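I am attaching a structure below and will ask some questions about it afterwards.
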Amino acid sequence: MLQKENEISVLIENSRLLSPNGMNEFIRKLSAYYEVYAPIKGEKLVVFEKVENPQDIAWDYETTQISPKKFLHKPFEILFSFEDGGKIINENKDVVEKSQILLGLHPCDVRAIEILDKVFTKRYEDPYYMKRRKNSIIIALTCSDAHEACYCTSFGTGPRIDSGFDLLITTLGGNYLVEIGSARGREILSRYADALSTDSSILMEYHRLKNAKLEIIENKISSKMDTEDIAELLEQNINHPLWENLKEECLACGSCTIVCPTCYCFTIIDKVDLTLKSGERQRVWDSCMLLEFAEVALGVNFRSERAARIKQRVYHKLYSFEHQYYIRGCVGCGRCIRFCLKKIDPRKIIAELRGEPIEQ
Amino acid sequence: MKKPTVGIFKFTSDAGCQLQILNLEKELLELLKLIDIAYFPMASRNYGKGPFDIGFVEGAVTSTEEIIKIKEIREQCRILVALGSCACYGGIASIKNHKPQRELEERVYTDLTAVHSTKAYGIDQYVKVDAYVKGCPIDKNEFVEVVKSTLMEIKPNLRPHSVCVECKLREYPCIFLTEGKVCMGPVTSAGCGALCPSKHRACEGCRGPASDPNTSSLARTMMEYGLTPEEVRLKFIKYAGETQAFKEGAGVR
Amino acid sequence: MSSSNPYMPSMVKIIDVTEETKDTKTIKLTFVDDEVRNKFSFKPGQFNMLTVLGVGEAPLSISSDPGEKEYFSHTIRRVGNVTGAITKLCVGDTFGARGPYGNGWPMDKIQDKNILIIAGGIGLAPLRPVIYSIKNERENYGKMEILYGARTPGDCLYRREYDEWKKIPHTRLLLTVDSVPEGMEWEHDVGVVTLLFDKISLNPTETAVLICGPEIMMKFSVQKLLEMGFKDKDIYLSMERRMNCGISKCGLCQIGPKFVCQDGPVFSYFELCNLTEKIF
Amino acid sequence: MNEKKIKVDYMARVEGEAALDITVSNGEIVDLKLNVFEPARFFESFLIGRKFDEVPEIAARICGICPVSHILTSIQAIEDALEIVPSGETMRLRKLLALSQWIQSHTLHTYMLALPDYFGYQSVLDMIPEHRELVEQALRLKRLGNDLTVAIGGREVHPVTPVVGGFTHVPPRDVIKDLIKRFKEARKDAQNMVEIAAQIELPDFTRDFEYVALTSPPQEYPIISGFIASNKGLKFKKNEYRKNIHEVHVSHSNALHSFVKGRSSFMVGPLARVNLNYDLLAGEARRAAERNGLKFPSMNPFYSIPARAVEVVHSIETCIDLLEDLKLKAEQIPAVPKDGTGFGIGEAPRGLLYHSYKINKKGEIVEADIVSPTAHNAFNIENDLKEFVPKFISLPKEEIQLKCEMLVRAYDPCFSCSAHFLKINIRER
């Protein structure tokens, strides 16, 4: 892979090696200037949270329940407030002024942000998302392992990644290989980090190690989704009996969509205080799996059938996104499988539509 | 403008929902600027006569006297709100509906000929209900939301989707998946902020069924997690065993 | 945040209210801010998001003549929170609006064709600007026939304007109602709107059809039109789906890969019947 | 014949539904009935067959006013049956939870249910315009009690964290720190409460009754453990409850009449507790009582009102100590089902509460026996009234009514829970 002379020199030029201490120091310094968020080990789960102490970072985490999209598109957000008499106060306390660093995103989550970027900029720019997006520095993290729910290789969204980040960290033998992905990344690295080594042969060795690590992970991801001609497949199977069968299983609980890093649907609601006149306009994540999602006045519901909602989720990800944004809406992070009580699995859905035996 | 008059009525219940109203220490004085509580025996000797603009009814209907009383109250109230799972579904009191009547009575009554307790139902078994505030007990904030929207003459924004959504939005780890605690959240109506899972307790379904609840599917999962059919049945016949959805869940063998 | 925030409504003021039916009003509005007013223009079939602070937002078609620059209007049926709150307001009151959104009727594509307008109930609202546009530029279009159905005579919108519409050259107006309450006079048809189809005089191959109404009415209309030889590419429908943002962000209004708020609300039947999601 | 009927059809500012019927003939009471018509909810029946770990949750729904007491007492009974010994930390958390409810409940009762009588109002709502500060003080104190319940239990009414074996969740340190600060600030409000309670003019009425409460000398003022004792020489352990306390069913009421075996009715509640355990009160509480001229023991049932205020001072001091001692580790001793019978006893805000269960080896409930404080008090209230009413029988009817209500309210009865466990006759009317 790393053959051409100039490619190698670019690679080396863009790489640094940090020791554990060096990394901690780097993060500590970053914390002084930015809000730094990273995967932190909680009681039961790893959660993206503000870093209090670099030692708390779970470098080898599998996945999080809620993806880092929450730092750009908030689960609850105030769009604006208003006062008695209808005066709109054009302020948004929630939007960060201080830049934030999103550290430790796995490749799939980085790709998911690229997808959200398209959603929130096409035609109309969403000012809330964009303000945060522009203020966010992304420090990606190569995965340490693959879980049986992972299928990023089916979409080319992982475990290798070569863009979409400002820095990319790979943990290797106790040290940290840091690759630069943008001018901003280069700047913060040179300003706040002391490299353990810039020696090209050492760095080359680490790149070889990284490559080996990625190969192991890639090989481990055995359960894939066959995405070839998936659009045609879906177009032809709108009435496949599978959808009716899924209806019996799916709890319509909505978990799969809330945990999905590319789901973005939201509802807007007004909340007034006890004056009944002043209040806030808020937005809250919504989900197409929920009955009320497509309900309009007088009780009409365009997707009252659970099967229709299940289809909407699958079709939106694997079909509609491509029409809407010229990109697939799934990054294969596997969250919807892990956090589904019924273990409903898009890979199996596609396999079944193809009439393939369902592998375990 | 005259403040709307409010009546708060009690049927068969433990008064917990009424207490939740009194627990609105921070909002109570503000609320009283908006409404005139004309009937609230738990707090006042004033027995205001109807008609009332809004009636809040706590408790299940469990006797012939109460059936008559709820109909009278309906007549007196322009808007009638069921307060808490007892009034919405029969609540805890409705557990008795699922026991053989004889077994139940023999344990409590000495004189069987005198029994006149009816099955415990939510008030909409007998009268039209305009709004429901679910929960055992009600969530105070939801109560305030209902009061506010009633005063503004709009429908309150109370989403009846699963509790799971609230768990996920607030990033509580799913205790069903992480701790194997059998949880009613996937079929239970949200609004409590996933209180129980947030405290490492399984949701017990106190708010009754969510919208489009797949109780049969959940019942099957519960059994996969080791519950016996009887244990599953008991889970579904606790707070809202009279609802169609929970009945279905209770019946899965 | 800059004023280019698309979620931020501008204030509009009610300058006139017309009671159309017992649950529907036409409200004439003008933007309070001069700059916003001068910048605002719309195409027939587009809609605004109307806001009542504290209550919410709802998509509503603009129902006035696009040639009018000083004001625009909405015809609003009271069915819920926002529509209920707006229909309670009086002349001089203000609330919020942002827009216009959506593609509108394909006025360019249908030039030189005959125009068949089929509307049911409140569905006439987004078609009224079409009628006015055609009136204003009569020479650009072929013959026009308007088929309108409502529940009862009292539920017909814009009754005062029918005579004026009939006077538009080469224009026919056909009305029908589901039922006529006792004691009420009604000289037109009784029955569902598709019953009027026998009276259509326009040649199916040279006619563009614009339909808006309840889904069920649209469904049977399309079926019958296809039978009559109208082409699926010439049949246009204005679709309704739940909307929260109007700018293809909230995700609520999708039909298959289409956003009703941006790709629509107007679609040709050809587009719709090839979607991955059934429409009706 | 000079017969007078006094009826209070619907008792206000008490929890649940009860009425009072008094028939007086020639200045003598010929009939007096406290009629609890709160409908029965069959708790005893539907607990049968439920798994032991569901019981506290269901038992909580006996009473929405003191759910904490029911939860804690039922947990205690189950743990007793399963031979689980809770840890010190768990006991501290439980005591805090119980005291949080005392504070909440006593404040609610004193300011919102009792005070309007003595200030001449129909309700606390009517007091707001002229006594806003007092009302705000009450709300503040009540909120503090509630916030402690929420911090430890998760919710004011029907807390969710207490379970057999311990707690599923403990609050974070900063919440506790904040609470300690607020409890210290609340000392002033509590002192005020004693002052107000001492100032109101209570009816001058004493009766020689027996009062019963837990006692656990020499260490501490009783909350959730101890012996059951009385001023007339009772002293027994919780598993001997049924040997000492008996019940008789009276036809006019849905509430049973509890009495001490071989004797008569008895009082439970704050006055019984303070009377019996005065020396174990926190120093602050005793000093507050003395400063305001309150003297215990008292044989005036109306003295329950100042007793509550004194208990609030005591609770605040105890809570501060307990909060400062917390380790804040959620512990839950695993429970293994086995055959057995267990007993639970506790001091609810309104007095002694008793739960007992028989459990089979699958962990299912076979038998349940629950007696709530109001069930304990009901008979005593009737006996009080019988002596109280003749003292002012010549007054106008409305005044008699009010005075009777005031006496009943002094007990802060909670009729829903008193009616839950009775073997009752309901006659078709």
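By letter and in written order, the chains are A, B, C and D; residue numbering begins at 1 in each of them.
Definition applied: contacts are C-beta pairs under 8 Å (C-beta built on N, C-alpha and C of every residue); 3 or more make two chains touch, one makes a residue touch a chain.
Keep in mind it's a predicted model, so treat the numbers as computed, not measured.
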**Fill in**
Averaging each chain's Cα atoms, the one nearest the global Cα mean turns out to be B
**Message:** Measuring centre to centre with CA averages, how many angstrom lie between subunit A and subunit B?
**Reply:** 38
**Fill in**
Chain centres from averaged Cα atoms put subunit B and subunit D apart, in whole Å, by 25
**Request:** Report the inter-chain centroid distance for subunit C and subunit D in whole angstrom, where each centroid is the mean of the CA atoms.
**Result:** 65
**Request:** Report, in whole Å, the distance between the mean C-alpha point of subunit B and the mean C-alpha point of subunit C.
**Result:** 42
**Fill in**
Check: subunit B positions touching at least 2 other chains come out as 152
**Asked** What positions in subunit A touch 2 or more of the other chains?
**Response** 269, 272, 276
**Item:** Residue list for subunit C, restricted to those that touch at least two other chains
**Value:** 54-55, 80
**Asked** Looking at the whole structure, which two-chain pairs count as touching?
**Response** A-B, A-C, B-C, B-D
**Of subunit A, residues touching subunit B in the complex** = 42-45, 47, 65-66, 75-76, 248-255, 258-259, 269, 272, 274, 276, 284-285, 287, 290-292, 306, 338-339, 341-342
**Footprint of subunit A on subunit C - complex, ascending** = 1-9, 11, 53-57, 79-80, 83, 94-96, 215, 240-242, 244-245, 247-252, 254-257, 259, 262, 276-278
**Request:** Report the residues of subunit B in contact with subunit A in the complex, numbered from low to high.
**Result:** 27, 30-31, 33-34, 144, 148, 151-152, 157, 159-162, 164-165, 167-171, 173-179, 185-187, 210-214, 216-218, 221
**Message:** Touching residues of subunit B toward subunit C in the complex: what are they?
**Reply:** 152-155
**Item:** Sites on subunit B touched by subunit D in the complex
**Value:** 10, 12-20, 22-23, 25-26, 28-29, 32, 37, 40-47, 62-63, 66, 91-93, 95-96, 99, 103-104, 107-111, 114-117, 120, 136-137, 195-196, 198-201, 204, 231, 234, 238
